[in-house]
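Just below sit the structures, each encoded as structure tokens.
Shared between the two complexes below is chain A, which pairs with chain B and chain C, respectively.
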Partner chain A sequence: MRKFVAFLYDQRVAPYVFVLPFVLTFIIFFIYPVLTTIQMSFQDILPGMVTNVGFKNYERLLGDRIFRIAVKNSFLYTFWTLALLIPFPLAFACMMNSRSMVGRGFFKTALFVPVVTSVVVAGTIFRLMFGEVDGSLMNTVRTFLGLSPIKWLRVRETGFAAMVLMACWRWTGVNMLYFLSGLKGIPPEMYESAEIDGANAWQRFRHISVPLVKPTIIYVLTISIYAGLAMFTESYMLWAGNNSPKNIGLTIVGYLYRQGWEQNRMGYASAVGLVLLVVAMAINLVQLRVMGVLGKERD
Partner chain B sequence: MRKLPALVLVFTLVFVLAVGGLASANPTKLTLWTFIQQHARFYQVMTDNWNELNPDRTIELEATVLPYDDMHNKLQIALQSGVGAPDLCDVEVSRFPNFLQGVPQLIVLNDAFEPYVDDIVPSRLGIYSKDGNMYGAPTHVGATVAFYDVELLKGVGVDYRNIRTWDDFAEAGRKLRAAHPDKYMGIVETSAAWTVTAMLAQQGTDLVSDDDKPQIDTPEMLRAVTTLQSMVAEGILTTCPDGQPDTEGGKGLLNQGKVACVIMPQWFMSRYLDEIPSMSGKLAIAPVPVFEEGMPRSLGLGGTGTVVTLTSSNAELAGEWLAYAKLSEEGNRMIWEDLGFDPCNTALWTEKSMTHNPDNAYNKYFLNNVFDVLNEIKDEIVMIRSSSVSPTINNYVTTVMLNELFEDMLDPAEVLEEAQYNIESQVF
Partner chain C sequence: MESSQKREYSLAARVVLVIFFSTLSLVVFIPFLAILLASFKPGEELIRYGLNLRLDWDLMSFANYKYLFTGITRTGAYIAHDYLLWFKNSVVLTVTQTALTLLVSAWVGYGFAMYRFKGKNFLFTCVLLVLMIPFEILMLPMYSQASSMGLLDSIWGIMLPYLAHATTIFFFRQFLTSIPKDIVDAGRVDGASEYGIFVRLIVPLMKPAFSAMAILVGMNSWNNFLWPMLVLRSGQKYTLAIGLNTLLTPYGNNYDILIAGSCFSIIPILILFLSAQKYFIDGMTMGSVKG
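And then the complex of A and B:
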């Protein structure tokens, strides 16, 4: 027993003991499922009947037109969330950081409330807001503006816009908080001296805030790319299920879910999942390399 | 002083519970999932009846109602992984083929069904079978019928009994629209294919070919959707909120009395009674219009096959209870009386004491007797084909194709060609 304790306290062993919990969870909940998924993607899986099919699932994927729609939607969604969910939260964060802003506490809370709201509730409310009946909120607004009511969630453009809007509503607060913590780390003296040198607000933002919160921006960009490509919940909730009309809201993960669970093709769904993993990883690696995060040690 | 009544209440409660517990000597607990509230109620009634008949093998049924997609997906995961499935589960007909793939993780119910099978429409058992083994108990025939708002049509000079063909239907619609621009002759679905499938059946075809291939781009389908689309263009038909009548939005629209005719399987009667109270006493049931007289006027649509899972620890009892609840004569009687469905034991359709009972809530709700109509079309009721490609076809048709046809009003020939291509790209 004493020997064992001494072994644990050994300076060479202790670090491994400390990281063991993480390593174990990582292996059990990440490495193992990924390996099984890779194996499954080469199989046709039915209860009690597993057959190896080689690259067949991947070949099918190439010819599958609905999968192409899903990929297109996921990329489009990612593009819009990046275009909207980085500049706006950054601007809001700067406003919250500015001492001349009135009611900072209120706005901070207001922007953060959606984050803690259940997405099920939010999805239901958005669905009702964008309902196709004449009395839904958005149609009432249209009627008020003298326009005729439309079926928001059945038309490609408006349905997609509603989905992006819901994402913005939901995630602006989180991203703002990330940026805010980044901005808080900038010493106020820098702004002061810049002001004395005659820099205006835009110049201070452009040449002090942005470069100094760059690590935060890179972090937010990285997680947003992944979150965008892996989006499922928003679409599922907005259309009360995975089957939006004309597949307006079908994403890669939605397609994985449809194939794996709704149509009982686990092997094919695994192939879809792996394609997503490879694509997301490739994009993130390129992006991190371009931003100069990877390979820094070698400089 | 005030405590006394409370005390008495508590003691009574304890007493009642104790006696009740003794009386039903340890009932076997069975869990059941369903996606229809009315079904859960029906199963409860049948459990009470079973317990009276089988005091030594009583059952305590725990029925859980889950949303449609959720329930099927949960069941699929549970059966795939071998844990977490209930003893019994309702599986909707369009999702059923998924559960028959591979080695079905369901109990073969041949023995349990044996005493009753001769009374039941064979094709309804057939859609829940594989290789001669029965895996699911059907609920109803689901014969499609038309529900007409008699008064509304009479007001514009139309007698619903004279509507025999789609041309008659369109003509009636034009008269209705001329008098009531805010009302519609009927509904076209975009998230279900009731009417389209019925129109295919009239022409002797289906979404699935005899050799289990998707057949979408066919002249029959083109005729069906072109007819519907032109009626949408004329304003005779309207697209349904939420995509089909059996939804919140759909029932809301019907409750407003804006639609003169709804074409749905017969079981939609139960939704009328429970959820569309405003139409009580206004509706008559009639055969569905056809393209040309002489075509079959009905098609069995929708339905749930109730299954017993392989993981059930009381599979035998569950199977016997299920056969009693859904296939026995008592069960079939109750399927009409409580659920308002056309039972699969069609011998009962001619039993006047059941079908024409004046106290029956469904008979009171509708102007004519549904069984008069059902018996008239009995030999014309076609059955749909269901195969492993059906879930994929249904998914595409009800999410993409019908929306393109009736919301976007795209060219039918092009839509069908693309649909055929896209579905084939997913079927392998």
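And then the complex of A and C:
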């Protein structure tokens, strides 16, 4: 026993003791699940009966209309969050970074607050705001504009818009902060000398701010793609469950959940998961290439 | 002449900026205002007229909050509900998970930052790999894993897979590489053990890193939804997020408590945020400034 303790305290053994919790977690909750997913994706799993079916799950996936809807929704949602949650927060950050800005701290806080609400609470609020009764907030706005009330969450376009709007509400402030911290590194003299050279606000934005916050833009781009493709809870809350009318809010993860839990087709759900895994890996590798991080982590 | 023109120009810019950001903040604030107002109105009102900004003093009262905290409804009847229990569960989970995650992840991050050992690069690549894969993909086998380990329906099932938390490890490792290794050597000269050095010399130095990550881990834990929903079975053990979700039914029969409860659940995290804003923002932005 004393020998073992001495062994643990050895300077050559200590690093392994330090990283041990990660190694265990990695094996139990990562490697094992990944391998199981791969295995299950080639199986048909019923209680007490597992049959190997080869590529049948994947073949079915190719012809699955609902899966295609889910993929389309996930990509469309990701596209819209990127299209709205990068340019606007960047522009806001630049405005906030300007010398003429007053009350920076206050507005920073005000725009950041939505993200501290959980998706569950935010989803509840948005679900009710986009309610189909005439008196719901968004229908009041329509009435005010002289339009007739609509069933927001039952129509594809408006339901989707509600989902994207909720993402914008929660994340604009955070992304703005990311860009602000990126902009802080730019010396104000750079803008001043550009101004003296006759560059207007747009040119300064385009040729000084954008190139210099590029690392931040890439970072925000990556986390947004990651979050967009893995989105589930937003849709789940907005439609009070995983089943939206005509699947207008169904995402890839939602489909995995439906197949795996609601319909108990573990094998098929695993195939869905693996497709997403491959997509996530591919995007990450591209991103690491772009950032030049890959192969740099040598010590 | 020119300088006064410039001053005028910057005053105009000032006014435009203030108006712009005030409007933006106001729009952002509307959903909060809507739910705050609704929390004072009866649930049926919400079903009939939806969530809106109408002020109707005759309808508004503290009845929902009274029901939330005492179980006594509008009509004076006592109807038990689990809101306070869920709230307590969430607090216990968040505090425990945050404390343990920080400890375990700092422990691992220190190993990666301060030692050279065989397999280090490989293992660190594994950390990055975990960072890249959304958990949602692995939820099925993780669930059966948790089930076979007897971790279902307990907060250990929620916490255990995330104590050695890849993001946190990565962050602590980055933080610790900036600490001079001389401290460790000095500790060794003084006869401290490898673990003694970590506990007595390094942990005190990590305070700023702990605060930044505590906020981030705590917020994630408080708001976590999908994994706890899979792990927890009995209503007695639900966290706030899961419990509130069960109240969101199409019939709206629980809206009294759902709305007041949602509203009240924002308060602790909001207070925490407002009082530790700097750390919140540090924690969130640290990853973006080139990791």
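Rule of thumb we're sticking to: the second predicted complex is superposed on the first by the 252 of 299 C-alpha atoms of A that agree within 3 Å, B and C clash if a C-alpha of one lies under 4 Å from a C-alpha of the other, contacts with A are read in each partner's own complex, and residues count from 1 in each chain.
Keep this in mind: a contact is a pair of C-beta atoms (placed from the backbone, for glycine too) under 8 Å apart; a residue touches a chain by one contact, two chains touch by 3 or more.
Since the structure is predicted, the reported quantities are computational estimates derived from the model, not experimental observations.
Student: Is A:Ala14 contacted by the first partner chain B, the second partner chain C, both or neither?
Tutor: second
Student: Which partner chains sit in contact with A:Leu46 here, chain B, chain C, both or neither? Use first/second/both/neither.
Tutor: The answer is first: A:Leu46 touches chain B but not chain C.
Student: In the overlay, answer first, second, both or neither for which of chain B and chain C A:Met266 touches.
Tutor: Both chain B and chain C are touched by A:Met266.
Student: Taking the superposition on A as described, I'd like to know which of chain B and chain C A:Pro187 touches: first, second, both or neither.
Tutor: So A:Pro187 meets neither chain B nor chain C here.
Student: Chain B or chain C: which reaches more residues on chain A?
Tutor: Of chain B and chain C, C contacts more residues of chain A.
Student: Touching A:Phe112, do we find chain B (first), chain C (second), both, or neither?
Tutor: In the superposition, A:Phe112 contacts chain C only.
Student: Between chain B (first) and chain C (second), which does A:Pro211 come into contact with in this model arrangement: first, second, both, or neither?
Tutor: neither
Student: In the overlay, answer first, second, both or neither for which of chain B and chain C A:Val133 touches.
Tutor: In the superposition, A:Val133 contacts both chain B and chain C.
Student: Looking at the overlay, what does A:Arg258 touch: chain B (first), chain C (second), both, or neither?
Tutor: Touch partner of A:Arg258: chain B, not chain C.
Student: Would you please give the residues of chain A that touch chain B in one complex and also touch chain C in the other complex?
Tutor: Common interface on chain A, chain B vs chain C: 132-133, 257, 261, 266.
Student: Help me check something: in the complex, which residues belonging to chain C touch chain A?
Tutor: Listed in rising order, the residues of chain C that touch chain A are 10, 13-14, 17-18, 20-22, 24-25, 28-32, 34-35, 38, 46-54, 104, 107-108, 110-112, 114-117, 120-121, 123-130, 132-142, 144-145, 160-161, 163-164, 169, 188, 193-195, 198, 219, 222-223, 225-226, 230, 241, 244-245, 248-250, 258-259, 262, 265-266, 269-270, 273-274, 277, 280-281, 284-285, 287-290.
Student: Considering only the defined contacts, which chain A positions touch chain C in the complex?
Tutor: Those residues of chain A that touch chain C are 9, 11-12, 14-19, 21-26, 28-30, 32-34, 36-37, 40, 92, 95-96, 98-103, 107-114, 116-122, 124-129, 131-137, 139-140, 169, 172-174, 177-178, 181-182, 215-216, 219-220, 226, 229-230, 232-233, 237, 240, 253, 256-257, 260-261, 266, 269-270, 273-274, 276-277, 280-281, 284, 297-299.
Student: Sort out for me which residues of chain B touch chain A in the complex.
Tutor: Listed in rising order, the residues are 69, 72-73, 76-77, 79-80, 95, 98-99, 101-105, 190-191, 241, 243, 249, 252, 391-392, 395-396, 398-400, 403-404, 407-408, 421-422, 425-426, 428.
Student: Going by the contact rule set out above, which residues of chain A touch chain B in the complex?
Tutor: It is residues 46-49, 60, 63-66, 132-133, 151, 154, 241-247, 257-258, 261-264, 266 of chain A that touch chain B.
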